[in-house]
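What follows is chain A paired twice: with chain B in the first complex and chain C in the second.
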Partner chain A sequence: MASVHIDARGLHYTPLNQQIRAAVAGGATEIVIDHVLGQRFIGDGLRGDGVTITVNGVPGGDLGMFMSGPTIIVNGNADHAPGNTMDSGTIVIHGSAGDAVAHSMRGGRVFVRDNIGYRGGIHMKQYMEKRPILVIGGAARAFLGEYMAGGLLVVLGLDGSSPISERGLGSGIHGGEIFVRGGVEEKYLGVGARQLAATDAGKKTIEPVLRDFARAFGIDAGPLLTSEYTRITPASARPFANKYTWE
Partner chain B sequence: MCGIIGVIDRRRKCMDGTGIKAALSMMNERGSGEGAGYVAYGIYPEYKDFYALHVFFDNIRENKGALDTLLERWGTIVHDEQIKTYEQPNIRKVHTPWRYFFRPDRSLMPKSTTPDEDIVTHLVMTVNAEKNGTLIFSSGKNLGVFKAAGWPEEVADFYRIQDYKGYLWLAHNRYPTNTPGWWGGAHPFNLLDWSVVHNGEITSYGTNRRYIESYGYKCTMYTDTEVVAYLVDLLIRKHGLSEKMAVRALAPPFWEEIDRMPAKEQELNRAIRLTYGPALMNGPFAICVANADSLVGFTDRIKLRPLVTGEHGDRLYISSEEAAIRTMEPDVANITMPKAGEPVIGRVVA
Partner chain C sequence: MSIGSVPFKFRVSVDPEQCMVCGRCIENCSYGVFSKENERIKVNSRNCVACHRCLAFCPRDAIDIAEKPTDYRSHPVWTRDVREAIFNQAKTGKIILSGMGNAHPYPIIFDQLVLDACQVTNPSIDPLREPMEMRTYLGKKPAALSLKEFPNGDVELLTKLTPNLQIETPIMIGHMSYGAISLNAQTALAKAVSHVGTFMGTGEGGLHESLYPYQKHMIVQVASGRFGVDINYLERGAAIEIKIGQGAKPGIGGHLPGEKVCADVSCTRMIPEGSDAISPAPHHDIYSIEDLKQLVRSLKEATEWKKPVFVKIAAVHNVAAIAAGIARSSADAVVVDGFRGGTGAAPRVFRDHVGIPIEAAIASVDAKLRQQRIRNEVSLIASGGIRESADIAKAIALGADAVYIGTSALVAMGCRVCGTCYRGQCAWGIATQKPELTQRLDPETASVQVANLIHAWTDELAELMGAAGINSIESLRGNRDRLRGYMLDESLMQVLDVKSVGA
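Right after this comes the complex of A and B.
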């Protein structure tokens, strides 16, 4: 297993990404990047199953955008839209993330230990075997799952905070599903979303995801598996049909 | 897309411009090299009792005499000098920055309860509306705006902002979208004590502008942000609202949220919305507003632009990106994302 270290102090994202790509092309499977501070686009468009990139610091926006295969582990907070249109692979964030996390994601997984900003999972989609997953350990802000077209969102509220305490949850959702640990006040539901208590069968479907999440952060999966969940799904496949078209 | 950052030291301990220059430059992806600027509070202690007017002259010979005459008609020029600049390869010096320290003659505004401020506001509005080669872009006491068309580090080096020491700084990296970039369109925008930096777009600009111009302010900079500086001056200085209530007027809760509030809260929020309907700002924005005693950060009600805050000792930082704050202060703590439409306020205690 070849390992490569990169010192990103003062390095612009273009040479940084060139070094990452060169390392992957050279057969590296472990890439550790130190002193990351605000560099955007890390690992964007990168291909390579079995490659793990450890980001030590606070990366800039669009981490792992269009990425296909690698695993990125962030030891710090991420900025906006990690996992933007990601194709496959995994992003694990040991901290919080900004707005539009997993924006338009089409496959793979994003696990965030703490909180995320506004519009998490906006326009996530799915097709055939491609089903993106975003799990948030803490809380999500307003408009989680806005215009969601597919995939799975899970919000856990593990730090004792309420997982959802702002408006627009699943606003315009027309595919996919959102699981929230505990209950969700009706006033926080967005247009086009409906909620039901998750059934045992429904909880069973997210069990493997919860186990993986717990393993990624070294926490006990037990309480996650025994908790009650609320499942948010689309009220219809075309929530804004009468807004844009007349039939 | 623009980059903003602000910092206040609650005990007025001064910092030079080195840190904020590095932080702003770190967000260069957010700008386009067509405008950048800084404002620092506490930089003119020896002239702190006088209004520091920063002026762009298109041509000293042609434009300066008229301004001197106007200022002398309304008060006393205590001191004036060219603002020192240092040539930069990519900045074309199309204006000459000048500073005046000015004492208004109160007896000329006998019916006003705030004659000094009203004279200075009148001068700023009159001169800027005439557009005759003179632009007053900074008019507060013991503070100064430094801005130009260029990248953050170029503009910083052009004015050598590292030579200025302030306890409160704002900085802005511009990416103009709806109007061309120019020196006067760079942020911060300032009137009297108020300085504003803004990332986003005030789509309600037309309504806000008509409203603010009905109070005698004049929008002359070809861009939306200046309206925020005037709204803040009207709501806080003239109408006496607190910073918190002013933000409530500019980015109020939605009606359905008001409907769910307890009766007393409802009454207050309805009154604010009905009174200040034309001051409501729509569109995506993240804004920092400063005056001599406070730094306020807030976003639009549905959070269409980023804003994070952090603290270190007596300092509160507000910025578009956490990494920018960490560039200034690696040991920053309590990184937080403010809720949409809700202000974060840092106030001096000394």
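Right after this comes the complex of A and C.
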């Protein structure tokens, strides 16, 4: 297993990404980047199954955008839109992340240990075997899962705060599903979303994801598996079907 | 129903003297106008959209179509269109969906601009005899060149150049997605642009694998729905275009209805079959001009700074300031889509009332970029309502580097501008995904027609330029002295920066 260390101190994102690409092309499977401080686009458009990149510090926006394959582990918080339009691979954030996490993600996984900002999982979509998954350990702000067209979104509220306490949850959702640990007040649901208590069968479907999440952060999966969940799904797969008349 | 029936939009008549009851009209009409009864052709005029498919295939010229055969009481305010829209909405309570471009009778500025020609004092150029440079390059140009000279006279260019697109004619084909138009239609356009040496846009529908052979001539689009976008797609395109807005419907997103998402469209867009493809109004990772810079750079970073990135906006009131912001975002070209731009489907109220004409938008964007000394940072592509070669000459003289055509390329393939693209029943096989209709469009034949049109317009453009004593597109660009306004008001002439005829 070839391992490469990169020191990102004072390094612009383009030469940083060039070094990452060169390391992957050279057969590295472990890349550790130290002193990351706000560099955007780390792993942008990067291909590389079986490659793990450890980011020590705080990466800038669009971490792992368009990424196809690699795993990125962030030891710190992340900025705006990690996993933006990501194709496959995994991002694990040992901290919190900003707005539009997993924006338009089409495959792979994003695990955030703590909280995320607004519009998390917006317009996530799925196709055939590609089914993106976003799991948030803490709480999410307004408009979580807006325009969601596919995939799975889970919010756990592990730090004791309420996972959802702002409006627009699943606003315009027309595919995919959102699981929230505990209950969700009806007033927080967005237009086009509906909620039901998750059934045992429903909970069973997310069990492997919860186990993986617990393993990623070294926490006990037990309480996650025994909790009650609310499942939010689209009221219709065709939210705009009845809006128009022909000229 | 208290409102009752409204008059036909079109009356279809079949001349019984000419008709031989061959039934071609029945086969060709996808809207169900014709049927056979007692060995005669029976007509249901109410279904007619005037797409002329029947008329084009009638072997005896037996069919005639008349528009608005029934009169309303005429009134200058309460026009027929206004009254019929009210009837429609009183019945349905819904937003009226329309197709093609702006149908409101606003004056067309292009038609009030005239071009110049040489007489006596400077000679015109004969394009038959003299070389005419119709080639141009799209992308950033350096503000200055830094050179290293060697004692032996050799010169080395030290300035790092940014990737540009080389186009052999300033005419490109704009973004019409697979989904909005058929794969046969996209294939025809792709073959045509490859043949001519220009480019076309994919639209926000991904790139179908059968078009990979033409990818060097395709500009891949990234729009707010991010349909069909992955790293492979970005790398295939010759350039990448971020779609912020569209002239036919500025400020709103798009909905490809589930009916149009067939198996093949589904796989190209990467969404489940039959699901609505919803493109939100904004990009939800762009809420400011700073965020736009981030998206432009994310696309460049993903493709290792090898691809030009275009940003397309609808022409709206503050288009010049917006374009100046885009020019500072690392983008390589700004596409400005005027309010006459076409579409497969747009709310009628947007199509007809939102946005500004391309002529004014291009002139003000070009002026603003020059004022701020950043005109070299971006190329400027004019789009929306380009109908003939004279429009192209005028758009370039107003400051454009190149134009996108859309509707005119479809007309070259048979489209009659019936404006019912949103119904998915296009009898010409263009704006439909129904196999029995799409097979009517032969990509080979249609590509020759589209290429013919681009050739013809390029030749006309060369003639117009030659007559004006101009021998390259780059000398025509922004050359407003070659334009005069005819019956344009003073304030508009100031915006366009042109003089009046006679001045």
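What we mean here is this: the second predicted complex is superposed on the first by the 239 of 247 C-alpha atoms of A that agree within 3 Å, B and C clash if a C-alpha of one lies under 4 Å from a C-alpha of the other, contacts with A are read in each partner's own complex, and residues count from 1 in each chain.
In this text, a contact is a pair of C-beta atoms (placed from the backbone, for glycine too) under 8 Å apart; a residue touches a chain by one contact, two chains touch by 3 or more.
Being a predicted model, the structure only gives us computed values, none of them experimental.
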### Task
Based on the superposed arrangement, let me know which partner A:A22 touches: chain B (first), chain C (second), both, or neither?
neither
### Message
Looking at A:A197, would you say it contacts chain B, chain C, both, or neither? Reply first, second, both or neither.
### Response
neither
### Query
First (chain B), second (chain C), both or neither: which does A:S104 touch?
second
### Query
Looking at the overlay, what does A:K125 touch: chain B (first), chain C (second), both, or neither?
second
### Query
With the two structures laid over each other on chain A, which partner does A:K243 touch: chain B (first), chain C (second), both, or neither?
second
### Per-residue contact with chain A, leading partner among chain C and chain B
C
### Query
Taking the superposition as given, does A:T14 touch the first partner, chain B, the second, chain C, both, or neither?
second
### Message
Under the stated touch criterion, which partner chain does A:E166 make contact with: chain B (first), chain C (second), both, or neither?
### Response
first
### Task
In the overlay, answer first, second, both or neither for which of chain B and chain C A:D79 touches.
first
### Message
Contacts for A:G38 in the overlay, against chain B (first) and chain C (second): which applies, first, second, both or neither?
### Response
first
### Message
Taking the stated contact definition, name every residue in chain A that is touched by chain B in one complex and by chain C in the other, in rising order.
### Response
40, 80, 119
## Note on the structure
Residue positions on chain A within touch of chain C in the complex are 13-14, 17, 21, 40-41, 44-45, 47, 61-62, 65-68, 80-81, 84-85, 87, 100, 103-104, 106, 119, 122-123, 125-127, 130, 146-147, 149-150, 172, 174-175, 237-247
## Note on the structure
The residues of chain C that touch chain A in their complex are 88-89, 91-92, 94-99, 224-226, 229-231, 234, 255, 257-258, 266-267, 270-272, 275-276, 278, 280, 284-285, 294, 297-298, 301-305, 347-348, 419-420, 422-423
### Task
Spell out the part of chain B that touches chain A in their complex, as residue ranges.
26-27, 29, 257, 260, 302-303, 306, 308, 321-324, 326-327, 335, 337, 339-340
### Query
Hey, which residues of chain A end up touching chain B in the complex?
37-38, 40, 58-60, 77, 79-80, 96, 98-99, 115, 117-119, 141-143, 166-168, 187
